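Reviewing the structure listed below.
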Amino acid sequence: MIATEPLPEYLVRRYHGWKATTYAENRAWYRRLSAEGQRPRAMVISCCDSRVHVTSIFGADQGEFFIHRNIANLVPAFTPDGDHHGTSAAVEYAVSHLGVTQIVVLGHSNCGGVEGGHAMCSGQAPDLDEKTSFIGRWLDILRPGYERVKDRVGGEAGMTPLEHEAVLVSLENLMTFPFVREAVEADRLSLHGLWTHIGEGGLMQYDRESGTFQPV
Amino acid sequence: MIATEPLPEYLVRRYHGWKATTYAENRAWYRRLSAEGQRPRAMVISCCDSRVHVTSIFGADQGEFFIHRNIANLVPAFTPDGDHHGTSAAVEYAVSHLGVTQIVVLGHSNCGGVEGGHAMCSGQAPDLDEKTSFIGRWLDILRPGYERVKDRVGGEAGMTPLEHEAVLVSLENLMTFPFVREAVEADRLSLHGLWTHIGEGGLMQYDRESGTFQPV
Amino acid sequence: MIATEPLPEYLVRRYHGWKATTYAENRAWYRRLSAEGQRPRAMVISCCDSRVHVTSIFGADQGEFFIHRNIANLVPAFTPDGDHHGTSAAVEYAVSHLGVTQIVVLGHSNCGGVEGGHAMCSGQAPDLDEKTSFIGRWLDILRPGYERVKDRVGGEAGMTPLEHEAVLVSLENLMTFPFVREAVEADRLSLHGLWTHIGEGGLMQYDRESGTFQPV
Amino acid sequence: MIATEPLPEYLVRRYHGWKATTYAENRAWYRRLSAEGQRPRAMVISCCDSRVHVTSIFGADQGEFFIHRNIANLVPAFTPDGDHHGTSAAVEYAVSHLGVTQIVVLGHSNCGGVEGGHAMCSGQAPDLDEKTSFIGRWLDILRPGYERVKDRVGGEAGMTPLEHEAVLVSLENLMTFPFVREAVEADRLSLHGLWTHIGEGGLMQYDRESGTFQPV
């Protein structure tokens, strides 16, 4: 017996409301999506943070984005060692099976994951350095980015430089996957790096010419 | 230089539309969320599938749900081996740092991941059995569920029994994490198993008494 | 000795039912709300009328709305004279202490308070004009609204124009509070005017461009 | 022009969900309530606090409770001085016009208003003592209760004794209204004092025999 509880009533009510409105109004399309399968244009790699919903920012509806969300929107490097790699599996599925034509990595301000990564890399969070810390081991992915910006992060700039690095490290790591690189080189896939400011609603994108993030 | 491209125009336009409307109307709240941090009530573990957006189904707004999305909404068992474990890191962050009071695992119909898992476990997809297949290795998590329902899956029942197992295996694995078990036993956290039918907009929840999924 | 009676049995039974179900299922969240305090996004100013429950209309759960309810959802003008002002105290607490980012004034059809205000202002209810009538003195707040619509109210339009005024007078008076005006001007707070039709379940909102109430 | 903003989209969606479900299922009753007027059995005087929704605790639906909510569920004494008295107007309307047969005063744990009242009465919040503090002036109503329990409040007991007093002071003040006293003495009206613990879901009622609050 698995220790589950009934769904709280407020969610039950809201679900029934959705069923009677949004669902009812889009039934025909949802049935086609169900029968014919999804055909998303883009994969989005975003953070789990409750304040960042990419479907809201881009007015996206069911069927548009294949969305992977993890702590600090990180992608590890290609490591075909036979272990479980949830992010790598999601990227493989999106590129090799669904044939998405874009991968968008979306970072954000006030990222608790990035802040933890900074604390760990700068020696202020020994608990995250433990082998048993899943958060710490996951944030190890961000170390190369920390090394690049450690002199610029903190103070007035805050965590923004490292939040940008969380996007850039992921974009770099994406290119270590042979199927990603091939698709990019064959012009079947493009990569995009974004960063959003939660409080101000700003959106910046990585500009390859200048090597900086610029307002969209 | 990272090989990024400018954000496609249709997304740029939609973003500016969101900024001028939804953002503008909720600016004060988004600023508070930014300044004071998130305090989500629930973590949702859902699939990357573009047809399943939990925020839509539950009428949720920014700040309500901490959302992790991966292939087939799977949670691996507790394995503190020092490797990258994105899902485990997300669960640890949600429970130990944010103190969410619910974890909802949301499965769905027509799940390509589960279908792949079935093909692999039943010997029809040798490529997924390769050590180099990230998708296959990720779907290994589902094997115990496959063993339980292999006689009932397929045919008229379709993949539904195995899609339900993808929820149940995750709920079981969640309880292997000491910090999850402790929180559940101390009544600080409850677990919920859901499955949604994309085409019909249905929602079922796991009922611990009967051991079956029942309509919400 | 205060002349209280035991709680009627039907309420005792319902309470125990709630405790064993809704409370039990949400215990962890209620404990967090208790330990960490409330952080409501909005204040709602609504009528005491038993037919208007804002939490129902908006599928809201514990913790979402800070709710003040009085006769005819009225807000008096800023009057710092040292007397008891329950509504002003509630507004001050919501804005200055809790930092809510929205104030919603919710009027409604068939409002007995507004009807009384009309009778009084049009000279048909001398008892309400007495200094000793708390209802009459409270409804004095609505007089400026009555003056604006007295030629349009009654007959086919019924009390709707005056019910709308009960919302608009309150919105105007809210802006006479320095801390409300400051918060609005600093984009920390937005105001919203709503009116609901009890029998038809309709919801209208005040549109500042047209100066009219429009369906939501 | 009144500075209102459009209703946030998440509330618009939730409202439409309610309209298509709860409203649709109860249309006939809501129409009768609309056409024939309300006939609530009880008036409830409760706090604005977002964590206390009396309709939830008592499973109440539209039409059952006439609800007045203010800071700390306080009722001032009968003062027919011709000024605006929102709470007194609500009590008058409930008793003299609607003829409710019960008035329930519902206090609660972790009450920010009561805590403020304690700080003020014990000299630790000079700002609340200002004539211009609406919160302070409103909480003056609680002073007689503070005087009675000042030696027992704080420390291990926390604010509970004063939260109980917020209920008792209100019950006493209710009896200073001639129309309340008359109705009580004529057995047309009964008074009830309750206090709920937010985190534990407890409910206590005032017992006139022992002069204490006892579990319901």
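Per-chain numbering from 1; labels A, B, C and D assigned in written order.
Here, contacts are C-beta pairs under 8 Å (C-beta built on N, C-alpha and C of every residue); 3 or more make two chains touch, one makes a residue touch a chain.
A quick map from chain label to UniProt name: A, B, C, D = Carbonic anhydrase.
All values reported here derive from a predicted model rather than from experimental measurement.
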{"item": "Co-neighbours of chain D and chain C - touch as defined", "value": "A, B"}
{"item": "Least step count from chain B to chain C, where 1 means the two chains touch", "value": "1"}
{"item": "Rotation in the CA alignment of chain A with chain C, degrees, nearest 5", "value": "120"}
{"item": "Chain located farthest away, centre of chain D as origin (C-alpha)", "value": "A"}
{"item": "Centroid spacing, where centroids are CA-atom means, of chain B and chain D in whole angstrom", "value": "42"}
{"item": "CA centroid of chain A to CA centroid of chain B, Å", "value": "14"}
{"item": "Whole-Å separation of chain centres (CA-atom averages), chain A against chain D", "value": "46"}
{"item": "Of all residues in chain A, the ones touching two or more other chains", "value": "5-6, 8, 13-14, 16-19, 22, 24"}
{"item": "Chain A - residues contacting chain B, complex", "value": "1-8, 11-12, 14-19, 22-24, 27, 30-31, 33-35, 37-38, 40, 43, 48-53, 55-60, 62-71, 74, 76, 80-94, 97, 102, 104, 109-110, 112-113, 131-135, 137-141, 168, 171-172, 175, 184, 190-194, 197-201, 203, 205-208, 211, 216"}
{"item": "Sites on chain C touched by chain B in the complex", "value": "25-29, 31-32, 36, 39, 41, 59, 99, 101-102, 187-190"}
{"item": "Complex contact set, residues of chain B against chain D", "value": "22, 25-26, 59-61"}
{"item": "Footprint of chain D on chain A - complex, ascending", "value": "13-14, 16-22, 24"}
{"item": "Of all residues in chain A, those that touch chain C in their complex", "value": "5-6, 8-10, 13-14, 17"}
